[in-house]
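One chain, chain A, appears in both complexes that follow, with chain B as partner in the first and chain C in the second.
Now for the complex of A and B:
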């Protein structure tokens, strides 16, 4: 299926749910959906377009909002599903009921951005260390790292 | 007399433990390369040991990550006295490019005392052997 055919099919299948559909390069499709439609769009992509593999989830801190991009891959196309969450209430629904492998990326999203993934089957911490303080999210742009004071053995020369 | 014997045996058989505290693996490959027959460190009595309880020298690579901090201290405390620590590579010396990252505490000397620094990114096997031998020469 060519890209143009896929775009036509997507518009027919998900017309109302896709806010924006761009096609910046061959075989790369960017879809934008509201956070509430995320599960429906993912389900349609999985059932009708053969999307079974989630490459990764990108998080972008845009100030007032967080943008999450789900990068789905099929052998033919890359489907990139974007959604924007308000910073004041960063809640998103887990897609791991449809794509079980998403749970690892969603856990990392929780660690690094503080985005709460609702109905995640396993909400444990993934990448941050065990003694990491609560409420500190290192990939947020307004997060400031306080470096531990370095002690130079023998003093500075 | 006994002291002399202890010193002699210490110099003749420094058993090492290879400790990785978050390195990128380059220094680890070089440490393993230094243990191959090509460099033949057994002529100095250097043997790789699998547990800190058997080791005299900790050969450590990599910056200290926040998660590894307590574990490094535990390994250091398990090593019987007298013990020595060699920091191999730029990361173990200062943190190198990882310095200042949110999950890095800095070089190895931020956590445990270090006796010898071997610079390099990664350090060459000959430099690592040289570091161990120079440490033995100090005893």
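Now for the complex of A and C:
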């Protein structure tokens, strides 16, 4: 199926749920949906378009909101599904019931951005260490790394 | 009775820091869990502070084996953002290095697989032959590990006729050797018995858990970014995507050996088709605001970089997804219902990274404790001398 055909079909199938649909390069489609429609759109993509492979989930800090992008692909096209969450209440539904491989990336999202993924089957930390302080999310733009003061046991000699 | 055995973060059987927690019942693994983050360096955060050129070298240092994969994936995204097309000669040289890197990575992996399976002569053979491709890489790029051949807009070094001839010569030797490995791998009964049926990952599980690269292809899922999303020069070249349907470590060995043969085909085509002209284009310092999803088939599978630009000389966001990460959920599945003795083999079969290439050897004198740096050639000469001076050892006869 060519890109143009896919776009027409997507518009017919998901008309109301897709807020924005762009096609910046061949084989690259960017879709935007409301956070509430995320599961429905993913389900439709999986069942009607054979989208079973999730490459990763990207989080972007846009100040007032967090944008998250799900990078799906089929052998013909890349589907990049994005949604925006308010910074004050960053909650998103887990898609792991549809795509089990998504858990890893959802855990990474929780670690790095402090986005809460509801109904995630495994909410433990993934990349941050166990003694990492609560409420510190390194990939948020307002987070700055401060090197802790080095204490030499016994003082400097 | 169930026990939990921690393997790692530091363990002789693992080549990188990662914690595997095995729940075992007797010898059988009933559950596995992976804990990451022991090597987390915050590269994505650092990238937001560096400019487009500096990030090229930063992304090269994400991995020690597929270093070229990350820098190429990054640079092809940045070139799209800047809306420039590198000259064809530069593109061919860049992806020639990509394929040579795939060859070195797969040969390295074959050696590790042989070693983990207890077939050490295979390990020594493949690693000896790997030196051929390492020498080619050093000749083309000047480096053995971090090639630093990429530049935004092309490559940094050109290729002359003598070098082209040397590459073709090297590929000829390597192809001969790989065909030999293909025969060994397919007919050595003890090796085959050790790896067959180990670490089974059925196709439907590979699909559900989003496995990538040779791991997915060994389960019969023919996905290769070079084929389905032909970036740069791959649309002009001929190659196949090898798969296996045994879904085990044996399949992963077969797929990788077949991929080696495909890579030789690609290298020869690239050398023969190498166009004339400049190798790099002039590039702006800043990129227009925009975003790009760059995909690349690394030796271990799909590599994905998402780059977002805000109009300055630094990226707003650089997201990296390396192929090993994508294969972890599949690894947990492979380990389930396997044996403890299979853990290193199964874990090595997804090809996690090892760092290599220490060129200078520091010798410490046993008597005085003095340290001296010795060149590889001198070390070899010393070894030969010592060997010649030991006639007893050389001509030793079994006493019966």
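Operating definition for what follows: the second predicted complex is superposed on the first by the 149 of 157 C-alpha atoms of A that agree within 3 Å, B and C clash if a C-alpha of one lies under 4 Å from a C-alpha of the other, contacts with A are read in each partner's own complex, and residues count from 1 in each chain.
In the analysis below, a residue touches a chain if its C-beta (ideal position, glycine included) is under 8 Å from a C-beta of that chain, and two chains touch if they have at least 3 such contacts.
The model shown is predicted, which means the values in this text are computed figures rather than measured ones.
Once the two complexes are overlaid on the shared chain, A:50 sits clear of chain B and of chain C alike. In the superposed pair of complexes, A:101 makes contact with chain C only, with no contact to chain B.
When the two structures are aligned on the shared chain, A:121 is found in touch with neither chain B nor chain C. When the two structures are aligned on the shared chain, A:25 is found in touch with chain C, with no touch to chain B. In the superposition on chain A, A:145 contacts both chain B and chain C. In the superposed model, A:131 makes contact with chain B only, not with chain C. Set against each other, chain B and chain C touch different numbers of residues in chain A, with C touching more. When the two structures are aligned on the shared chain, A:153 is found in touch with chain B, with no touch to chain C. In the superposed model, A:71 lies in contact with chain C only, and not with chain B. Residues 128-129, 138, 145 of chain A touch chain B in one complex and chain C in the other. Partner chain A is touched in their complex by these residues of chain B: 65-67, 100-103, 105-106, 109-110, 113-114. Residues 128-132, 138, 145, 147-148, 150-153 of chain A touch chain B in their complex. Residues 36-37, 40, 42, 44-45, 80, 207-211, 223, 228-229, 290, 292-293, 295, 302, 304, 306, 308, 316-317, 319, 321, 325-326, 328-329 of chain C are the ones that touch chain A when the two sit in their complex.
Against chain C, the residues of chain A that register as touching in their complex are 24-25, 27-28, 52-56, 58-61, 69, 71, 73, 75-76, 78, 80, 99-105, 112, 125-129, 138-139, 145.
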